[in-house]
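Think of it as A, B, C and D in the order they're written, each chain with its own count starting at 1.
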Amino acid sequence: MKRILKNIVMTIAIPVLVYVFFLIVCNLFGSPGFGVGSDLSTILYTTLYTGMIALAMSYNLTCGRFDFSVGSTIVLAAILGGNIVKDNKLGPVALLLIIVVIAAVLGLISGLAYVALKIPPMVVSIGIAMVYEAAGLMFNRAKGIKMIGNSALIFSKPPYSILIAGVAVLVLIFLYNFTSFGFQWKMLRSGQKIAVDIGVNEKLNAVICYVIAGVLLGIAAVMYLSKFGTVSPEIGLSSSSFFMSAFLPLFIGGAIEKYSDKNIGVLMGALAQAMITSGFGKLGFSSSLQTVLNGVIVMAFLVYTSNSYKLVLRKLHKEKLARALAAAK
Amino acid sequence: MAQELIFEAKNLTKHFGPTVALNGVDFKVYRGQITGLIGENGSGKSTITSIAAGMQPATSGEMTFLGKAHSPSTMIEGSKLGIGMIVQEQGTVSGITVAENIFAGEESRFRSGPFISKRKMNQEARKAMEDIGFTGVDPAAYIDTLDMQSRKLVEIAKVMYNKPEMLVVDETTTALSQHGREIIYGIMRKMKEDNKAVVFISHDLQELIDTCDTLTVLRDGDLITTLDRDQMDEDTIKKYMVGREMKGDYYRADYGTPVSEEVVLEVDKVTSGSGLLMNFSMKVHRGEILGIGGLSHCGMHELGKLMFGEDKLLTGKITHVPSGEAITSTQTAMKHGFGYVSKNRDTESLVLTATIQDNIISASYDKIAKGLVMTPKAVKEFVDEQVESLSIKCAGVGQDVQYLSGGNKQKVVFGKWIGRNCDILILDCPTRGVDIGVKAAMYQLIDQMRKAGKTIIMISEELPELLGMSDRLLILKDGALAGEFFRSETLDENHIIEVMI
Amino acid sequence: MSEKKSTKINLGGIGKLAPLIGLVLVILIFTALTGGKLLSVTNLQNMANQVMVTALVAIGAVFVYGVGNFDMSLGGAVLFSAVLGAMAAVRSGSIFVTLVVCILVSVAIALIKGIFSAYIEVPFFIFTIVLGSVISSIVLVIMGSETTVYLKDAVREIPTFNFTQMTIINVVFLAVYFLVCLFLFNYTPIGSKAKMMGGNKVSAKQSGINDKKMHVLTFVISAIGVALAAFILIIRTRTIGSQTAGSVGTDVLIALVVGGMPISGGPKSKISAGLVGALTVVVLNSGLTMVGLSTAWIQAIRGVVFIVVVLVSSFSYRGKLLPR
Amino acid sequence: MKKKVLSMMLAAAMVFSMAACGSDDAAGNDQGGDTRQEEPSGDEDQAPADEGGDTDIQEPAGDETPSDGAADITLDGSWPEETVKIGFVGYDQASEQQQAITAYFDYLCENFNMEIMYSEDLTDAQSELDFIGQCAAAGCKAVIGYYNEAKEQSAITCADYQMYYWGGFGGDEESVAAAVEGAGEYYLGGYTLGDAEYEAGRSMAKALAEQGCEKVVLCSGGAAMGVPMFVSRKQGFEDGVKEAVDGGATMEIVYEVEGWPGTDAFTAAQTSVMDMDIDAIASTFDVAMWFQLVMESGKADSLKLACIGEVSDTYYDFFNSGLVSVIVYDNEETCFGNAIPLILNAVSGTKLVDESGNGFLFPVERWTITTPEQYNSVYDLHDAGNWVVTAEDIANLVVAFNADATTDTFKDFYGSFTIDSVK
């Protein structure tokens, strides 16, 4: 029982700390409206939206596969799906299904491309991102999708946003912990050669990761479309701006994974990121200053996670040193 | 008793790109027998067994197992068909639990409805470990919490869980402690009693002679002969392995040559960051071959790295006596003419994807470059000299090191340090994974270097090599000095083994 | 084991020459498609100017990628040195001061990156993506309300260069920097050390290669390329805004990969990858635009060509495991 | 290894020597059109080109009878014989204004033998100059500087390539003077709305004041990022508010939202704005990203939106429902369409120039739409496929068609066009 309590505390530690910090700072300096009323709904939306993107990237990044085509998948899925729904005057459920299916197919394509060509994933994903962006531009003569006020756009507000994101996370928890895909994924993450020698089908596992990423990006696309009602095509790899805010959740998720589950960890990271952004907003920082501060926080976290093994090592050395000195006497 | 055939390979062939690992080998394994397999590195012995186990496909030829045609595509399929294999390298994946390692790839066995129950998996894992007498490990713990020995035993438990009809033990014993070896010998004996088959591969001739019923010798991908128990003795085995009479002395022939009193390196109350080495002191004299032996985890490898400034030094000091300077980093060590050949050659002494030329010059840029300029001519001279003097067989200096044989790779490493003409050479298992032909050349080379006045510190897990080559031999046990022996004809392995184990 | 001549090498050989073949192919195809206009004098001058920034930065980046550091912050570095250089130009009015400021600023950024990659272990690739966006935002904070920096308000008249003079300056800068880098990479230990470090960090360290010094040194060499690119940007466009050099980060990556540079660096790195890659990309862009395709088609084709060239040059190292 | 390096050096040397010798050539005969240029086009400026049009006058003489000039040239895309390729420097293909311009130019290309080459999304001076070079290589005759970061440097680069340049640099006289001096006869001039961006912000504020809005939120877009266009629009809006307050209205800017939609910061700011009790949101770029939020918050009737935008279907139902009350509209046909007559005249040898013989700045009206009737008058016209400035109007301004066309007739036609003159 004690261990479970410790796990829960550690899992929610980071978001709670961030919340308390900004609550104090905002009330002292900035306008006091932090984490209350409409600000809360923004934090909820940003948490779920950034969380979906971060989760989509987490399944590939931890296996060494950086995916540049995240942003372009969201844009293309929203534009194709949105126009189909708008032209045929379909309802919200159709909007969700169509966009998620399209995004899953886009994920499948980029997964198959990577597995078939066997060239570094980062390189493939840049080529794929270019092609998806170009497709988004060609479709509908660069008008993208404009369906403002359309009745189907319900997914940016609770309860629908929580519903779709919640179901997605539950499915992921099930897949990650209770299916052979999850087990084999964990093995491939740190023991690629051994796993492949034993007989684990790495290609299938990689493609599944890309499809899962596709589905999650589809959900993110639906939420984005519901929030703004319009998506315009990106060009010149500028769609990479979509995943800039996903790094912090990814690393916080990595740190929290031991205490609970990777997917919950990433969501907690997204919650922390959302609170940081709205906290900065309340304190009246300019958007460029916010980018700088966000960047510094991510860098600090990068340095911590990649050097935390040194702390463990130092502890071991200290113990051994004590034993050596004792033996020497 | 009638020997019942369990496994047969007919005209088995395997090509790795241009090189031929196996050409047309016929190999039979009988029930109730431990079939020994021996051969140089690259002779194809591991290739046969990994094809049988399903780790890699054969280029041509067929196999029959338990009377049926047999060609498994993965190790999981192989184990289901009844062939289990234990390899030398680490076969467990870190970052996941012990149970997940044991049932890697076979999770669906514990599926109840859509879920895979971790509870059932842990239960079965505990049972599998208890089957081979390996107790006291929590199957739900992360495997990283276990030391090397226990991780290997987890691997053995995994293989035995599938109740294999034929078990392949591929050079596993060398990396294990005594306790681990006992477990393996026990398993092999039990398999033999249950009228199942065991294929045992090892470098240690004595071990093979003690345990195997028949011994098959392989060389360069061809099956040479199969010896029965009575025909097995070390010299005939070696003769078949090398294929020609061993000309001249294998090790050093001279005894009683005096060693200069001058101390060139002093190790004073040293404790290494990792491993067991603690408060260890020793002195090294100029021009001597100092042998350091012991079991694989006794701390000698950490000592080697410390002397080269590679590892973290918790206590004590290592000083290069002639200059009085302490060795704190690789740069200072190399400044004083130190050289270091690591035990894991492919991951620490060589860059496999680089060319032979780049590897050989990688330790002597300051020697080749005049000022800043390193002319291709100077580089070519430097490298050609090494390739000739060590007679490295290769398609050209521009060939990638990864396409060379084990022996030639080791020659490149030696070339790297000899090119720099170091005074003090630290060799960690210099002849590991090298075939006997090249081993003999290595020993001659080490002897020549001694004669040229170089100081050599040879760390090795093979006692015959230590006995044959070193002027003075230190034996380590659990991080401390267990015994010191001096070179003499009468010295033999038994004295040393008592101290070592 | 018999030592038959390894066919592996010539298969790899084709892989090595793929980028050069790619460049020639692209030139031939588009010369035909544009009825020779591609190689018209105007367009050659045009391409010489366009290739400048990408080539200069890519050639320097070969050292950094070679050591195994995957640097995505080059665009930010060019922007930062260009903005500060332009500001110096306006206040000092002298071209020489501008060049010196560009060099100092880009070397300073290089040292920051050097410290992080050598002394503080960090997943360098993600670090530079974040560093790139931070640098661009710092530029906005510095420029504040000054919006864009125009050379024409300089204290003393900065000499303007007409079109042809500009081309000559470009050619001289690129040729000199390329030859210096060619010399450093192939005729001094730096290149070989970088290749070894990129190939296997541990064994490079065990051969006595001082990895910390090498990390910093390779960043400084790349910083010189960044500074030259920023300088040329200033004197050519005479206007530096907050969006300058926005796409340099990805252009350099594409140029290096198309030039045959392995993503993780190591022994197969070659200095020619920077130049050949940049030339191929410029010819491709120029040809596609001249053929009169819409922007969307241009980018789609560029994406496909990018993947195909990488596929061809990856034939020399195909393993059983999926590359990471 | 050595063979490859040598072959590589050879390739590089070959490319650069061609560039170097190419550049000597161009320096040699700066004046005349480059004879070795591949395109068969005759020299535009050497001798007055006399394709097709029988009128052969350099300067527009007033006494020519208009009738015979226009008679034998039909508007079916056959004139001028040799297709006039024009480069268009754009910054965002997805922006509504650029899409509206593209539609208008497509219509004109059906009437005149023209071909427009659109640039990729250019963000900085260097890629702008690269694109201009690209147009020269593709054989363009002129470049329309819809987007301009490098100011007069673009005009000078066009002159180097012997191409005409259209662009008013946002009404910046200093840059126009430098362009005239640097680019000479290749600079055609451009429209000016008298510091267009500043005026747009000011008229938006004025219109909102007239509609009695007191508490206003301003979306300043790229102002914080130092993009000149947005900085002056914001400045204009703030001054407009000050003027309204001096004129007795109670009006103040309650909150400023920076940056672009899509970033987390923008989303957070939008939500907090919806909480404030404000009666207007003004944006220095489009305002479509607010519709969804305003509709959901149920403030559609109490809130007014103003923006610098387009007459297009996105705004149609929101303008008619009264949600959007003010649109400051640079009508693409008058603001950017005027480039076509200038280019056609220059290409056919009858370049329109001001009294001192150079390219000139001419004022153009910026329309402030405040009533649905005004909005629908333009929208219905476009919807039905006809245009405010038709091909015939443009033909009238080209000397080859109508000998009476002069710089003054051109200035009057475009200068006087207001929302009310739309039939």
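By definition in this document, a contact is a pair of C-beta atoms (placed from the backbone, for glycine too) under 8 Å apart; a residue touches a chain by one contact, two chains touch by 3 or more.
Source: prediction; values computed, not measured.
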item: Co-neighbours of chain D and chain B - touch as defined; value: A, C
item: Remotest chain, chain C as reference, centres from CA atoms; value: B
item: Most contacted chain pair (by C-beta pair count); value: C-D
item: Chain nearest the global centroid, as defined over all protein CA atoms shown; value: C
item: Between chain C and chain A, distance of the C-alpha-averaged centres to the nearest whole Å; value: 30
item: Whole-Å gap between the CA centroids of chain A and chain D; value: 40
item: Between chain C and chain B, distance of the C-alpha-averaged centres to the nearest whole Å; value: 44
item: Chain B, residues touching no fewer than two other chains; value: 376, 398
item: Chain C residues counted as touching two or more neighbouring chains; value: 140, 247, 294-295, 298-299
item: Contacts with 2+ other chains: residues of chain A; value: 137, 142, 235-236, 286, 288
item: Residue ranges of chain C touching chain B (in the complex, touch as defined); value: 1-9, 187-189, 192-193, 195-196, 199-200, 202-210, 266-268, 317
item: In the complex, chain B residues that touch chain C; value: 17-21, 42, 220-221, 308, 310, 330-331, 334, 340, 342, 347-355, 358-359, 361-363, 365, 368-369, 372-376, 393-395, 398-400, 403, 405, 416
item: In the complex with chain A, residue positions of chain D that touch it; value: 93-94, 99, 120-121, 224-225, 258-259, 261-269, 271-272, 274-275, 288-289, 291-292, 295-296, 314, 317-318
item: Complex contact set, residues of chain C against chain D; value: 16-17, 20, 23-24, 34-50, 53, 140, 143-148, 150, 152, 162-164, 167-168, 171, 174-175, 178, 182, 186, 233, 236-247, 272, 275-276, 279, 286, 289-290, 292, 294-295, 298-299
item: Residues of chain C that touch chain A when the two form their complex; value: 120-123, 125-127, 129-131, 133-134, 136-138, 140-141, 247, 250, 253-254, 257, 263-264, 294-300, 302-304, 306-307, 310-311, 314, 318, 320-324
